[in-house]
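One chain, subunit A, appears in both complexes that follow, with subunit B as partner in the first and subunit C in the second.
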Partner chain A sequence: MPAIIACFKWVVDEAYVRRMASGELDFSSVDYKIGEYDRNAIEEAVRLKETLGGSAIGITVSVPEATKGVKDALSRGCDQACFIADSSFGNLEPSQTAAILAEVIHSRIQSFDLIICGEGSSDLYAQQVGPRLSEKLGIPSVSFVQKLSIEGGKLLAERRVEEGIEVIAAPLPALVTVLPDINVPRIPGVKDTLMASKKPVVTIKKDELQPLGEACLQTLSITASRIERTCERFGTNAAEISRFVGSLRKTGVIR
Partner chain B sequence: MDFMLTEEQELIRQNMREFCKNFVDPIAVEIDENSRHPAELLQKLAEGDWLGMPIPQEYGGAGADQLTFVIAVEELSRSCASTGFTLSTHAGIVCMMFLLFGTEDQKKKFLIPLAKGQHLGAFALTEPAAGTDIMAATASAIIDGNDYVINGTKTFTTNGPTAETYLVFVWTDKAAGRKGMSTLIVPRSAPGLRVGEHFKKMGLRSSQTSEMIFKDCRVPRENLLGKEGMGLQMAMTGFDHGRIGIAAQCVGILQAALDESIRYSKERVQFGTPIARHQAIAWMIADMATALSAARFLTYHAAWLKNQNKPFSKEAAMAKLYASEAAMKHTVKAVQIHGGYGYCKGAKVERLMRDAKITEIYEGTSEAQRMVISGNVLR
Partner chain C sequence: MAGIWIIAENREQTLELLRIGGELSTKTGTRLSVFLSQDRERARDYIECGADEVFILPPLTEDQSLDAYIPRIIVEAQQDVPDLILIPATARGKDMAARIAARIDTGLCSSCMALTFDDNHASFVMERLAYGGAAVQKVVCTTRPAMATIPPRTYEPADAVKGRQGQIINLPAHSPSTVKILEKKVKERESKDITESRLLVCVGRGVEKKEDVALARQLADVLHGELACTRPIAEEYHWLAEELCIGLSGAQVEPDLYLGLGVSGQVQHVTGFRNAKVIAAVNKDENAPIFKAADFGIVGDLYDVVPKLIAELKK
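Take a look at the complex of A and B:
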């Protein structure tokens, strides 16, 4: 009966981000949610647990306000949660997040069979936490997973790669990062949500952890990308068509 | 004063929103057009424990409080006011009345399948000649051996064509006046009950509404809800709860009208600029947003009072009165903002406007709400 860990990130819900006229992004009235692919990770952990028995543990490194995200993960079927919280954890870079997760999983959870992460986070999509975490724990890592099972004590994973589908077997414990096609995350029922706060949550504070390494990267600014649109009208006679082709050449659309 | 929702309430709103996006929005136009009961949707709502939301878990419900229930009805109505109303009538009134007045046996037999969403419930009070003037009702029941024998006709019964369990209000002692009405639990299978055809309505078309004809209809005496003579009093309690539900439905309609108006007015260009930049339109939207907030606060306040076990009859009437009239007024404005496109099928605001009208009529007309409110404040 496997113990499965699902990692998730509490991210800004992009629907609430406003783009100001200057191109700057306005985060003043944003709401937060569990990252889209991380919902797939949680769903897959719970699905496996429901078929094989065992337990699913949700784990996140976030700001203390992310308690709603922890409840959300529990309402989605995790049996317990591990909440590593500090007000300085809002903008960690992937190497730091992976280091914290590795330390907590190593010291507090110890025995586990599988770690499932989303392929990337909904906000930055750096795709680094999963692979870095497996490296730190010294376990195999399988990315781009679209189908997953545990058979005979081994992991079987279908990876979607450019040329086709690769099927991988790996010994447990292992880590996988999953694609959104792997499942359709459930919508928690009312009871699931109301009962979530009755499930056990282990909260870990920053001072219980090893000192955090310096960030390698620094975010200097964020602005919205801009698509310039121009509108030009062409007729249907020969001269107009050659003017149209000329225009496409000029803008570099065709050579 | 605390205006914060709990994390659970926020999550439930978010979950209902996602439920609507996946399952309600794709069929909302079709079920309105065809006046169809969305049985498959009700099944999904049952699976998510939405149909028994405010009922304790021991009776098959989810054990949510009134405010949480209001939030769910609001969000559901934002996508489909018909389905919002089906939920509100079933859970907010019928299930609630079983919870408040049912015996332990009645709760086990009727409330559990209702709260689990295996059965739908309906509330049958109105008669062809007795709307606001409920004392003009004529349906009656007499005792014959171990049965009540019911005769009469009810009309505009919400969930009539689809329900399995009906709460029917009948005279058991007409001479006793206001203390002469009783509430009987009538299963669909009761001999002598005939359920009429679903009415063709202007709006709220997928919410099923029918006549119910009782001809020597028999139910066992143990199907009396509460005590004989308490019927009118129970009906009023049912209405108090129901009005919070209608107010929540109106808040959902208003939110949808605002969503649509904002979206369209930013896209639609006239005189070289999006119409949202024209003051005439911007001010309509300002008024709509203000009315939405006012309606929402009145509604949440009534639900909050119920959560605190405080009297909420007047506040429920105020919320229902204000929210329904605001929903009507501002859905008309939303159609105005959409111009000709808003008048055509396919525009959501067209459906919202048709759906809004009934909210000023059912569960007590606006005029009846003013009677309740003035009766309270002039006491």
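Take a look at the complex of A and C:
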């Protein structure tokens, strides 16, 4: 009975990040969510356990406010969750996140068959935590997987690279990072949400962990990128269509 | 300073890394080294394009991927700690970079789009996108070596200087990885390179079915442009090739005209064409974010608007 771990991050919904006149980012009206591609990671873990038996464990390193995200992961089908929470965990760098995950998985979960990460987190999109975590745990890893199965105690995966697809076999336990087209994440219903409240959550605090190393990458600044466009609107009647084409021609980009 | 390393994958991207690596090695007065799989001919090519030394890694068997080189590179990096390691931001490159960084406990700037050397602090200042492209994050690595993965076409390829000399060094073999390739399915590249196109008509999820992509193609044809698409069109629906996807995880393009059809304009997509000369869009939702990123927007149903546009352009 395999134990499958899904790593997910609770992130700022980037659609709500605004630019202030000063060029700084404005987070005043943001909402949070489980990273887009981490939903695929959770879904894949849940599907695997549904076909193979065993359990799916959701794990996140986050700020204490992410209880909502933990509940969301449980609603999406994880059997239990591991919530590593501290108010200083909102701005970790990939090397630190991977170190914390490795320590907790190594000391608390111990026996597992597969770790599934998303292709990248929705906020940083560093695409590092997965492969870093596999090295910290000393297990094989396969990134950018679009299809996977566990057969005969082995991982079989289709990994997408620039020239096409590599079909790969690796011994377990292993780690994969999955592409968004591996599955379509389910949308939790009322019943799933109710059930989620009854599932076990292990919360781990910062003082239960080894002292956290310094960030290897130091952020000097984060500034909003600028999009300045004329934003002219057009309708759909004949006159408007011809005005639209006329405007394009005037810019010289079409003849 | 112990030098700048480039881990080579394909030639095109290695030449681009040799351009930036060469500039930085001149500036910092260090050696520029390339790690390369097997090919001595290629090694001489890279030396002419600016490498001072090329380390040749022994050939891989059919069932081994580039990641089998990771242990060797780690050993070398621990012996002779370089200042900077540059790796192309390809699927294999990104994976390798993160794993090497983890093993040598250092920082990695993923998908780095600008890289300079700051004399005052003797550090490499690197820029990348965050929040789907809504922000630019400037970072420095506090540990050595600094590492960066660099997306294709960020830099011009380095120029060759005929007869330029350098060293070629063979590295010993390594034990094979437990990860085995069972099969490689190579796909034919069927589409044009959209980064070369001046006019792009981009298909989004507002296009309802695969057959309707033909409508977008007709419009592209009258404009003498090419088709491109959003990520779901390529990856979820597989209606168009992956290399036609524009955005954070797709291609970065700078056409004269980007025209989006049924594209919502989420930041990860818009990031890919923000430097287009002119941005235009057709979307039936007047609140779609694409209209904030566009010069000219038509609020309407693409099935109504596109035939009208084609007729008007043919006039």
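The rule is short, and it goes like this: the second predicted complex is superposed on the first by the 223 of 255 C-alpha atoms of A that agree within 3 Å, B and C clash if a C-alpha of one lies under 4 Å from a C-alpha of the other, contacts with A are read in each partner's own complex, and residues count from 1 in each chain.
What we mean here is this: contacts are C-beta pairs under 8 Å (C-beta built on N, C-alpha and C of every residue); 3 or more make two chains touch, one makes a residue touch a chain.
Remember, it's a predicted structure, so these values are computed and weren't measured experimentally.
When the two complexes are overlaid on their common chain A, residue A:136 makes contact with subunit C while staying clear of subunit B. In the overlay built on the shared chain, the residue A:189 is in contact with subunit B alone; subunit C does not reach it. One of subunit B and subunit C touches more residues of subunit A, and that partner is C.
When the two structures are aligned on the shared chain, A:20 is found in touch with neither subunit B nor subunit C. By the touch criterion defined above, A:231 reaches subunit C but does not reach subunit B. In the superposition on chain A, the residues of subunit A contacted by subunit B and by subunit C do not overlap at all. Contact residues of subunit C toward subunit A in the complex are 65, 90-92, 94-95, 98-99, 101-103, 105-111, 125, 129-143, 177-187, 198-199, 223, 231, 235-236, 248-249, 256-257, 266-268, 270-271, 274, 277-280, 286, 289, 291-301, 304-305, 308-309, 312-313.
Partner subunit B is touched in their complex by these residues of subunit A: 33, 67-68, 71-72, 75, 187-191, 193-194, 196-197. The touching residues of subunit B, counted against subunit A in their complex, run 7-8, 10-12, 14-15, 18-19, 22, 47-50, 53, 57, 62-64, 68, 72. Across the complex, subunit C is touched by residues 12, 14-15, 17, 19, 25, 93-95, 98, 119-120, 122-128, 130-136, 140-144, 156, 159-171, 179-181, 184, 213-225, 227, 229-236, 238, 240-242, 244-245, 247-248, 251, 253-254 of subunit A.
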